[in-house]
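When the chains are written out, they are named A, B, C, D and E in that same order, and each has its own residue count from 1.
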């Protein structure tokens, strides 16, 4: 059998899982997880089958390109005259890379949820939603038509809405879900306009064909300038990947159950934006100015989020902001043209951030749904597995060699430096330090020192069941090894080998020649620098939040923390209040927007409708006025007639004169 | 006693002056007797008409109307339609006026106002009717009537009856129907209902 | 006067004999309503038959003072049916109030005779006498409930103003006669053609005569500002008679207009057209606006009848402005208006069978619940008056508007004004429906038993209202011929 | 399949009439089943029409033409093209659904109710099938009366105001349209000197395409048609009757109103206004596009702050129907296709939304959003369905709402990107008000008001699901296979476009335009001044916004 | 003077105006009736005058005048009957007090 016909199966399995569970899940009670989990397991197996074939190059060449991959045309969706949208799929190396992340983490999260959600009343609903999400996400990475991508774009938005608002009794959850959906809609607006621009320019919505036409130098003049098109597409990416200023929804999204945060808001959905830009790379490459915008927004988001993460006390929120910051890295990478690095970081980050979130979930679970780190501490003894795995994750994200994060992040920094984006490198460098700091602040507050919560809880704290710990362990492995697996040898890494054909056109457009990697030169220096700054960050955090690392006993210094925060009050408050973005939005959309809306309604009632009613009233009252001439007295009537007669005679005499 | 005499004296005075004028016309201005007669009759007609619409006592109005119609009859004779003049006397003075007087008798009551005879709008009415008069007058004077002759022509009874029974026989018949309908209606309305208010 | 003359006016004779017969049977069997009605209906049937028979052959009689043509036939049939409907609807109202049928029927038939005479007259004098014969019994009928102060009050207002306007009309007639030198309509038309042919401006006397004539007829059709008598007379009169007054004299007067203004004074149409346009505009507007605020349905319908006068005048203006369809419009509208308006009044009369029931809006509260059939019929007639398809009223309006649009110029704007008025009118017609179906009954008085006559009459009116709306074709042919007979 | 000479169109049109008669004569207890039976029968026949219609044959099919008023060449002429077929099927479907949906809510005067409902259906179907302008007008007006009664008799507290406003408003427009129709017919007769075909749509269309009508007539007549249709759609300044009518009407009434009656206007634009007066259509297209944009954005903004479920949905209708007019008057293929799709989808989705609101109303006898909350706990199935239609209305891809909206926007984008950008801004607003409503009703703790109701708050019943299921199914099907509809339309779309593109804008003196706008501004300003000055209105100054449902 | 048509017509016009004044100004129903009679007579005068000065109209004029008289008689009959009837109801001949129906 030919493998491409498996592609629709990848979609049908989770969809089926969703439909069946939605229909009968309620009756399955605690068994409701079987169908979804097995569906995803199957998906994982099939996906790996495809991925291996694609990446090892055993797959056939795709039509009209020298990339290996599978393409599958399914059916015609919209046949509207000269506007036709076909639903088709393609698995090329880029998609393959995402498939690895999506299916693997998806599977593990499913398993993890069995344990995490076991006490929830609507267990079945959760798994149904998860499958719906998997369907949408797979559709997103597989689709080969802009509009189908958009469909998936909105569907992941929907499932994210459902999952954030899963505990709908919490008003805050409901509001967070709404906020996430609406903010995403802003990005989607740009995306859909970009799609229209692409169609108007090229007359097709097939991703590869359209890009080919757009970037072919022969037909330069388009009705819609290319840079506008590119930026519109990027707007979509910003929405989904929560880049500034559309980042506000992601932290609130933590209202959802932790597995959701791990899967959707760390590992997969938020990467969609990165994937989209990478997918459209020649488009951006054709107009370098747009890439600067991407880089700027990316790196700005990175430092902004990092600065906020420094002071947050909610464990999940810290992770959320770190996710923002890491996504910022990826966009910076895309912006400077380090395509491979971006995807590399996407993959590694997917794993270790998934790990961190699941770990935090395990922590929260163990301290009875407490998320405030100030009420934690010293948990290392009680939940060693969680502690160990999370420590790995933290080291990975901090960029300590040889863990995964080191390779990807370092590649980003190095590339940006070498490609001449010094400012990107500089900011990234700082962010690296901050990252190390806030991660180990988290570790310190959570696992080290003394427990600061109520005694009663302390006694009940216990390690999570195996369904939760096993996924942690399984995720720890790539967090350690993925970097070495994909990132070596330096310069011509495995990953770049896979992705090279995808980004070839972009590189040629930008006139890039891959220069040799100098370990004992500039690159080495950069590596040392970044490792150093990471170490410094860890050290500071260690110093401040205490640890018994390596047997050295140093107590935490809360007073120093307060002292430092007192020394830079503005920065501290800014960080604590997330730079007041939520307040700004509240002002803009709730207060001002609300007033505008009420003004419009008032206008509608009083002016538009009021005019209508006024006309009616005017007519009636004029009738009431005219009534008066009917006095009831014959002589008045007669006088009226006489006057009428005179007027009549007068007018006739005038007319006669004509 | 005096209050009864005064109006009679007044009437005589009026007739006297008018006749005097007429006489003067003939004697002094040397105009034809016809003109004098016409002037007399016209003047009396108008004066009587004015009295009809202005006098307080409605019975006197009725009498004044009789005078007015009388003069009109005279004019008809003068103008050369003696038969119509006769009809005027018979129909109006003989029938209608008497009918009106009866009606007046029937509807006179103690509380019928002796003083206030005019509408509040009398002034406006006066203006309006003056304008009407002026309009008609001017229109008449501004008009030349096609094939009108400078002198009157007698309408012989023969011609009249011929017209009446040849080209106007249908109206003649219909008018009888009309009168029949009117009589039926009048009778129905005027006869007292046993149940009705007395 | 010879045999052919007699033969030609035989429908007229039949009508007069009917009137006489009613009196006689009433003398023979005093107060026997059914016999009187029977006689009346029989007589009317015979009259109608004779009208149709004689109508087949156009003829002139009495030296050309009386003519039978398609227009005459059409109008005569209309008048006869008006009389028949009125007689059918009356008893349920009159009998409970102790009012005799015979005199009523007699007066009605006499009035009908007058109207028929107008329709057939080719002579100004006949026209005038016909007019008087039509209106005199009208005064009588208006006062028919003579012990009721409203009825008599309405009647005396009607009578005084009516005779006032008759005098004005006659004065104008005299001047036109003096100017043209003949009473024969065709003669008048000839003379006027000659006068107009010279393109000389009209002589003042003629213009003034025209003014007096217009005033006179405007009064009879109740055009603003000569409409004052309408609301009071309509409200005061016994309801079935109000129904008659709202159509009989009005359409009679329009027949007069057709004979006098269209046929005799046709050559002067350039002069009277502007006046008609203005009159039509103010008439429909004022009628509708004032009707908006009426709480008494009879009075409301009185004002609405003023408005409808305006619509009909639009057709007249359209003809004067050169639209061939104008006259058809006038005729069709008259027919449609007759049936729907009589129907509406019949329903009111039926409701007032129980004495003491007023015609105020509250009477209609919850009617749809108390007497559903009457409610539905009333709704139908009101919708037709509004001009909602598929009813006679709608097609009539459409026809008049088409004519106006055809005429173009200012008359086209008259059409726009007309439809805006129709929208305004919808408000007060719908208001009645609101009371009937969307309000709870004011009193829980039991439903009344209505006579078979009333039902059959209502049925006829309903059928005609719907059929004329759905299949106006045949009637269109008839009015087409009628109009041709008037202006070939 | 071939139906031979079977007069299927007349059958569809008059089956409900027969039903009305039957209901009228039969005793009241039969009213419900009989009415439903006839509605279903009409539905079946319409499906027969759907399957037997040949989308690839040009022009109108199953045409019947009988001489009616020969003097003016007025005919009883019915004919169906893809658009008519689709709308007729929509009508018949929604009709039986509404009748079924009113079994429980309507308990008084069932007989009258069913009769008016069936007559309403006759009028609606007739409008979609009539090919003779006179006949079209008659059906157009027939629609008014039953709706007037349905709102006025079975409506809510303020029903009489709402229903009279509805009728008068519509009447003003349609009467002017009557004048326009007659003027058009006469213009034809004046040139060709025959009344034959003076009211026949096809004849007039060809006549118009050969530049038969004078500019003056085109402008006048088009404006009259425009007013009538714009009021029905309803387009921006003429929309205020809609919220009142919707709020006061009984559930089924709102459904018919939203699902079908609003389509009459759009249908009128596509079928009559544009083909008959192409030049005028071109001339006024910019103005109409602007009005549509205003309707789209403004409607959504006002919807954001509606305290009443039905009012919110009503204003969302204004916003959605704005897309229809927009799509039609950009005169691009995608635009018109999208507009037509949008018509159908709006019919399905908004109809369903009103049904759903009705379900809550049945149980709570209240529509105040503020009083709701936490229904997801009490009525999970209901909330699931509600959410489905909410997202369908929000234009979620994969459901039918999206395709129409996207095609319209694409067509607009081809016409002018900025316009499209402005219009597409509504996707955010719609998400705003829809999720606000949904969140407020479904999520959060169960509100005290609902708690108080206790067991009255049973979950959605099978009957109610039955009324919603067909709509939901269609929403999914048309979402995944819009081709099923699009194939029906290409004939209509092509006709519209050819007609429109044949047209050349008549140039109107700029001073007229400027003057008009100036007058308008002055009027609005004056009105605002007046309202602000009027003392009694101080209370209704801008209220301080509560949770206005805007993004937070 | 007695030979000029205009003189008679003006006389008729003035009489007509006097009648109309009476009709507009008097309060008593019967006075108003009499005023109408004046107007009708004025008309008659005009008619007769035309008849007298336009030879072709001579006979016609007289006939018409006679007819008008008859009609007037009929009107008066009905009129007075109505006056009496309403007098029975309202106990006053003053027309301006008959204003139960208005507006």
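We adopt the following convention: a contact is a pair of C-beta atoms (placed from the backbone, for glycine too) under 8 Å apart; a residue touches a chain by one contact, two chains touch by 3 or more.
Predicted, not measured: the structure shown is a model, and the values here were computed from it.
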Touching both subunit A and subunit E, which chains are there? B, C
Most remote chain relative to subunit D, going by C-alpha centroids? B
Closest chain to global C-alpha mean, per-chain Cα centroids: D
Which of the two pairs, C-E or A-D, is linked by more C-beta contacts? A-D
Which chain's mean C-alpha position is the greatest distance from subunit C's? A
Counting only Cα atoms for the centres, state how far subunit B is from subunit C in Å. 34
Between subunit B and subunit E, what's the gap in Å when you average each chain's C-alpha atoms? 8
Suppose each chain is reduced to the average of its Cα coordinates; what separation in Å results between subunit A and subunit B? 106
Which positions in subunit C touch two or more other chains at once? 125, 129, 132, 136, 139-140, 143, 146-147, 156-157, 160, 164, 168, 178, 181, 203-204, 206-208, 231-232
On subunit E, where are the residues touching two or more other chains? 16, 19-20, 23-25, 27, 29, 32-33, 50, 54, 56, 60, 63, 67, 71, 74-75, 78, 81-83, 85, 88-89, 95-96, 98, 100-102
Could you check subunit B for residues that touch two or more other chains and list them? 119, 121, 124-125, 128-129, 132, 135-136, 139-140, 145-147, 167-168, 171, 175, 178, 181-182, 185, 188-189, 196-197
Chain pairs that touch, as defined at the top of this document: A-B, A-C, A-D, A-E, B-C, B-E, C-D, C-E
Tell me, which parts of subunit B touch subunit A in their complex? 119, 121, 124-125, 128-129, 131-132, 135, 139
So, in the complex, the side of subunit C touching subunit D is made of residues 368, 383, 387-390, 394, 398, 401-402, 405-406, 412, 415-416, 419-420, 422-423, 426-427, 430-431, 433-434, 437-438, 471-473, 476-477, 480
Give the list of subunit C residues in touch with subunit B in this complex. 1, 5, 9, 16, 19, 23, 61-63, 65-66, 98, 103, 106-107, 110, 113-114, 117, 123, 125-126, 129-130, 132-133, 136-137, 139-140, 143, 146-147, 178-179, 181, 203-208
Under the definition above, what is the set of subunit E residues touching subunit A in their complex? 20, 23-25, 27, 32, 95-96, 98-103
Which bits of subunit A are touching subunit B when the two form their complex? 635-636, 639, 642-643, 645-646, 649-650, 653
